[in-house]
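A, B and C label the chains in the order they appear, each numbered from 1.
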């Protein structure tokens, strides 16, 4: 066991590894459609018909190549969420997301997958719930750069109220 | 071995300095889909486990087998990642089949060296307390090894340059190679100095690419192919980490790994038995050093052995007919590419680089700087 | 498996947030020496060394190469496995494969993490795809928070239920001399701990620990000759989930997912009808309280949506009918690369009757372990006291 009175040397070090990631064939199409046309494109498996977002080369269940592109609407349902109280750092910018903020998964209508993103609501349990209808809000076209931040956040569709449930 | 394990299929992507058209998962899928097509096997039904080989720090992804889970058939099934040179994945894949747990295993190694910085990645493989702050990378460590080898065994820069000339000429016959060409010893000697005695052409260049390979039990192999390549022997060994703990001209770990693999294969005299070698020539002199460590020539003789033409494609022991790592094979993929190339030779599917009449081949890969961990795979048809 | 494989020894370090008294090699060596001592062996007898840890969590690329003087791998055969949080269990499975293959009789498996030497939170954010989700940086806390919110919304559990899991883990840990968080806490303490990401509070999450575990596996002949209390590895299963579909956190998902797929295969191998009756103790990998409740359901210890009733009724307590994590689990000790191996080693200690104060008060003949990692993966093992069990 370490004793309190003994000195132990430890050496601070920062390792900074730079990367540049190729988006690849599927994500390049997805991100250029988002940037240039404000559209969300997913792939549909020819076998099981799952509509997968983000688009990817292979359907993991069927192990067949995905080749059919499907445009998704910008509206969907909140499948789950959290209110984040930790200032988590965005590694793409090096800046923290200021807490508290709401972070959730939306299933766009027609998609099998969910999309995780910031939810633009007050961090209040009465203002956000599983099942809430939402839509994507994109950056204005001239500011879009071709990555996921071109979707600014998810926002609730107007005119909804949290349903009353037994617990919470 | 009482039971036998066979390589039943091999596929490789083209190796290139930079593949900006694919992410690493898509690149892996190029090799995986090809090997499935060649063998007529399908995922998930025909293959019961997968082993991938890469490093988080190269991939820029924490737990980087996440990025290949879908393409390797990992969904709801077994996949294990080894953060080592790809040769060791063949070792472990063979063990998994011999254990009776699996009958058919897909092995895949991939790296995109272009997406990050080799010197930084190499440097963090040095221990953080003692040697890292000296700024070492694998090239500067290799320069020490080369110098020590030259001093102790009288190897010359010309001896090492002949390896480069041979391998880059061989690579002209290999459609996967990233670099190739007709060079002279003078070209190698006069290429820019990087870490003397190592000059630019003595050093394997950065590359992107993937290799996939399928192993099967004897029973499965017979049904999959009429040209199985049998794994006759396998062996690995770790050397010490700190450079100061080793005589860098020694081949302690390789001798032990090779001894284990030869013993398993029942090979008493490798010089008589081995027809072909694919070795990890990350640096020119390493081909010579590893040939000696593999017992394929006497200590200090590899320079003369190479100069005699013995290691050329038509020589008595062709070494790296593929062009080896000097022709540009990514880190981690390196050793799996050695095994794959040796298997292609034994199957008679090596195209223009085919060696005649080879029955026993040895493939060698290494992990860490100066070949700290060694893996030897002996193959036969 | 072609040959039976037994655990004939093991050991662990004490686990703590700070271990400035040892470097990584010395810390690993502490566990290796403990395992060799437990097996009454010397390192010279070991045929092969398997090292597992999270890559680069402690700022070192190729840790297996650096640590050879601590792991004992110098001059020996060896492999390095890295499968994320599951890696400690994968290392045990790899060890079992090597022994079962007939090529090796005595294999040393090591799992370790020295989390204080790297930035675990930042590195875990790197689990997300660099182009899809990494900028959100939800890390593990965000993921388990969504799981908790889905559990509450769909099954009607409350925060009190996750607090019960938090208390059980830390109270069990107080009985385990090696555990990291030995906290004498109450439900109120858990409910009042700092909110990290609703509904996850500080005491709902695992700590960041330093520590190592080592185990020695052997073939049947060696095990019977050398060990008074060999513990047999009867079955192993590994399953991943696809990269982008994180539906373990969607408690109502109707898809077959990794946890149920692996458990189903493991039960079929052993002919298990009722796992709660078949196994005497469980050591599961619960990085967060909600994950423990979902494991109960996915392992078939209760029906879907009933996990929180098990904890409510105290059934998974150390002296309950289905003891889960008498060691205190991952919620009390999380040196990631060792965490999954600790599950297997703790289960083996229970079967040997050597768990000391946290020994479950009944005859333990069979145990089951799970691991968790990556984008929803698991490695499971089933252990038994004799080959007849």
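Keep this in mind: a residue touches a chain if its C-beta (ideal position, glycine included) is under 8 Å from a C-beta of that chain, and two chains touch if they have at least 3 such contacts.
Quantities reported herein were computed from a predicted structural model and do not represent experimental measurements.
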Chain whose Cα centroid lies at the greatest distance from that of chain A: B
Closest chain to the centre of mass proxy, which here is the mean CA position: C
Chain centre separation in whole Å, for chain B relative to chain A (CA means): 39
Between chain B and chain C, centroid-to-centroid distance (C-alpha), Å: 34
Chain A and chain C, separation of their C-alpha mean positions in angstrom: 29
Multi-chain contact sites of chain A, meaning residues that touch two or more partners: 13, 15, 19, 21, 23, 27, 56, 60-61
Shared-contact residues (touching 2 or more other chains) in chain C: 59, 125-126, 129-131, 242-243
Residues within chain B bordering two or more other chains: 23, 25, 57, 60, 69-70, 74-75, 121, 124, 128-129
Chain A residues touching chain B - in the complex, by the definition given at the top: 11, 13, 15-27, 56-61, 63, 65
Chain B residues touching chain C - in the complex, by the definition given at the top: 1-3, 23, 25, 49, 55-57, 60-67, 69-70, 74-84, 88, 91-92, 95-96, 98-101, 121, 124-129, 235-241, 252-253, 256-257, 260, 264, 367-368, 372-373
Residues of chain C touching chain A in the complex: 14, 18-21, 59, 121-122, 125-126, 129-139, 141-142, 145-150, 152-154, 156-158, 194-200, 242-246, 249-250
Chain B to chain A touching residues, read off their complex: 19-23, 25-26, 29, 33, 42-44, 57, 60, 69-71, 73-75, 112, 115-117, 120-121, 124, 128-129, 132
Of all residues in chain A, those that touch chain C in their complex: 1-2, 6, 8, 10, 13, 15, 19, 21, 23, 27, 31, 52-54, 56, 60-61, 79-86, 88-93, 97, 103-105, 112-114, 116-118, 125, 129-131, 147-149, 165-168
